[in-house]
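Labels run A, B and C following the written order; every chain starts at residue 1.
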Amino acid sequence: MARNWEEFFVEKILLIAAVSSVVIILAIIGFVVGQGYTALGTIGIINFVFGLIWNPDYGLYGIFPLIIGTLSVVAVSLLFAVPLSILGAMFLAEVAPRTMRRILRPTIQTLAGVPSVIYGFFGLIVLVPFMRTHFGGSGFSILTASLILTVMVLPTILSISEDALRSIPVEYKEASLGLGATHWQTIKNVIFPAAIPGVITGVILGMGRAIGETMAVLMVAGNVPLIPTSILSPVRTLTANIALEMGEATGLHYNALFATGIVLLVIIVILLLIVNWVNYRQRVTIGGGYL
Amino acid sequence: MNRIIPPKHANSIMNVIFWGVGILAIAILVLVIGYLLYVGLPQVNLTFLFTDPIDNGAAGGIWPSIVSTFYITIVALVVAAPLGVLAAVYLAEYSGENTFVKTIRFATETLASVPSIVFGLFGLAFFVVYLQMGFCILAGGLTLALMAIPTILRTSEVAIETVPQSYKEGSMALGSSKWQTVIRVVIPAAIGGITTGIILGMARAVEETAAILYTVGATTTVPVSLFDGGDPLPLHLYTLATEGISLPNAYGTAAVLVILILVITFSTNYLVERYTKKMMGR
Amino acid sequence: MENIMQVKDLKTYFDDTNVLKDVNIDIPKNEVTSIIGPSGTGKSVFLRTLNRMNDVISTFRKEGTILLDGEDIYDPKIDAVDIRKRVGMVFQKPNPFPKSIFENVAYGMRVHGVYKKAQLQEVVERSLKGAALWDEVKDNLDKSAMSLSGGQQQRLCIARTIAVEPEVILMDEPCSALDPISTTKIEDLIHNLKNKYTIVIVTHNMQQATRVSKYTAFFLNGTIVEKGLTDKIFIEPEDKRTEDYITGRFG
């Protein structure tokens, strides 16, 4: 009987540990929303989200330029990172010989492990001066930030895509090769299409990482809260906005920065719901025999 | 179908592109790490490592930052490792697939994707202000713990799930209870993956900046208690670099941070591999 | 002849799928009983019902009674864990733990609260000798069990089982993954073990059944078609289906 009590208590302790994730995420949402919603009330959601000017000194809290800043940096970085990651994943999963894989995999892992402040620092001392010399301007720009972000999201998209490519049954590949297709034709026409849901998951999670990235972008994007006019314009992202101003913010300004946090949370949750939906659909599609 | 490029040529062209991408990835890593070590290592010496900074880091060393990083990482791990591993055990061994478990999983996924600056906001609002801890090692460490939990949980869960059913059956057939089986067979068999998870969580705590920007303070003296402020390495680097205090010291700090992360990840990989080989009799 | 286990009107279900349909059999003490029959007729399910290994499957359900020393093993007051201590099991594929040879054998005792080094050492040695493995491993007790050959691993699993001194040992096709020489060693071992333990062995190999067991039960589609002395079943089976099976006409 003593043993049953032990088992019972152990299970309850494990359960509490498991529930802690839920409690933490609810607490985060609770506190961020709790601190931010007063600002939304005072400013008005429309004025907050679509307001064109962010200038706390004049009581103007429009984050539209910051949203555009985040979107432009994320879009340009994905433009680079998605093709590179997919090609890299195909290379690792299908083409690369053993030795190359044994070098490339740890390389990708290490790229994922490099601290974001290190990427930011490298961008600041190497890439910004380089861009200034070759493209003019200050060197702090959407393009600079996007290049750094490309390297940062590449490991995420690449490794998830590689897993997806690897999970395609080898029979498909053999069938295609057996019909006289070249290796590239097989990858392009058979393996990749079957792996698309996994690749989409990778891209969305990479996008989440890019949206949430703070330090690296903060150090190279220029942080001007204006709607950019070109890819070489400096921008300020939602995350950078919080990091820059939290130090001095009080009152409505403080709450408005928390409200910026709410916007970030909403974006992340939407992205995760899309990921779950894609994965769910994939399971349903395979289960229903479409594949 | 009009083909512009014959398939065999396309195949060769793509091979060149594939190799190009692979080499590019390696080149980027070598460039970033190599460059930072190249400019940073000459700045690193015993005095730099073991003395206090002078004038907010304009001169002097980074000893308080090393101590802060150490403390804050310990605080994060002491909280996150048990919670993450125990939760993983629950999800992998004690729960079926039901709505409740799906909720936990979605919460964990969300937690893993919350931007680090939002963790920072929460740390500020909850630990610093609401619990009145003030800006200190404890508040920063706890904020980092929350970030490390999903990393540790997911890696450990995968490790536990891959323990063969036959081990568990063997244990149960000898009359061990479920918990005995978990603690004596399942966890030892999964310990490699669990360790990797804890180290990944640790690396996340060591490198994180945004989450501690407004939780740990930026005191440049050596912290003594958990309620002292601190200035962990990444934060110190950020301040040095962006406030133009001292570029040489920033180089040195960056090099130390890079080496720390590389040593943590590679030494763990090595130890885990060795342990697994020994256990599997290879 | 004393019966250590008695199975009465046993029916088992997974969800609504009925696997065993009315099984009745007595297991005589200190003898070897073989369970033979084609694949998918519930032999393994039956074996796993005898030590409540099926309990871990949430959809599992049973009707009827199984007595061990006259006591119902599915009595709500009885803990499945205690039953498994008394009714040990050796699996189809050798499944040593990824621990040292010593720790594998000591495992059961540690779980049951024995921590004294001297006592552990004594039992480990006795069990390894009992499983005819001692001479091969005595100098390498600290080596990982995974480094042993398949046959040695299976004998280690038997040593691990007898270390907790069960009354009954269930064996689920213990030789199916082994080469002929290892199989012979395990069969010899079974011969010696029956002096102390009762053994129930599921086998696909009919020669094995005649070599190792005194009693045999023939399973077909979840019921026992015929049971009794092994010699009788193999030489003059009563049922046509038994005859067809042992002469290799199906299965």
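By definition in this document, a contact is a pair of C-beta atoms (placed from the backbone, for glycine too) under 8 Å apart; a residue touches a chain by one contact, two chains touch by 3 or more.
These numbers were taken from a predicted model, which means no experiment stands behind them.
Asks: Look at the interfaces A-C and B-C and say which one is made up of more C-beta pairs in contact.
Replies: Between the chain pairs A-C and B-C, B-C carries more contacts.
Asks: Taking every chain's C-alpha mean, which one sits closest to the mean of all protein C-alpha atoms?
Replies: Central by C-alpha mean position: chain B.
Asks: Could you grab the centroid distance between chain A and chain B? Build each centroid from C-alpha atoms only and quote it in angstrom.
Replies: Once rounded, the distance between the two centres reads 17 Å.
Asks: Centre to centre, by mean C-alpha position, how many angstrom separate chain A and chain C?
Replies: For chain A versus chain C, the centre distance works out to 54 Å.
Asks: Starting from the mean Cα coordinates of chain B and chain C, work out the distance between those two points in Å.
Replies: Their C-alpha centroids are separated by 47 Å.
Asks: Could you list the positions in chain A whose residues touch two or more of the other chains?
Replies: Answer for chain A, listing residues that touch two or more other chains: 3.
Asks: Among the residues of chain C, which ones contact at least 2 other chains?
Replies: In chain C, residues 81 touch at least two other chains, as defined above.
Asks: Quick check: what residues of chain B touch more than one other chain, meaning two or more?
Replies: 177
Asks: Mind listing the chain A positions that touch chain C in their complex?
Replies: 3-4
Asks: Touching chain B in the complex: which residues of chain C?
Replies: Residue list for chain C touching chain B: 51, 53, 56, 58, 81-86, 88-89, 91, 93, 95-99, 107-108, 110-112, 143-148, 157, 160-161, 164.
Asks: Would you tell me which residues of chain B are touching chain A in their complex?
Replies: 7-8, 10-11, 14-15, 17-19, 21-22, 24-26, 28-29, 32-33, 35-36, 39, 82-84, 86-87, 89-91, 94-95, 103-104, 106-111, 113-122, 124-126, 130, 146, 149-150, 153, 177-179, 203, 206-210, 213-214, 234, 237-238, 241-242, 247, 250, 254, 257-258, 261-262, 265
Asks: Residue numbers of chain A touching chain B in their complex, please.
Replies: The touching residues are 3, 6-7, 10-11, 13-15, 17-22, 24-28, 31-32, 34-35, 84, 87-88, 90-92, 95-96, 100, 103-104, 107-111, 113-122, 124-126, 151, 154, 181-185, 187, 205, 208-209, 211-215, 219, 239, 242-243, 246-247, 257-258, 261, 264-265, 268-269, 271-272, 275-276.
Asks: Under the stated contact criterion, what part of chain B meets chain C in this complex?
Replies: Its residues touching chain C are 96, 164, 166-167, 169-177, 180, 184-185, 188-189, 278-282.
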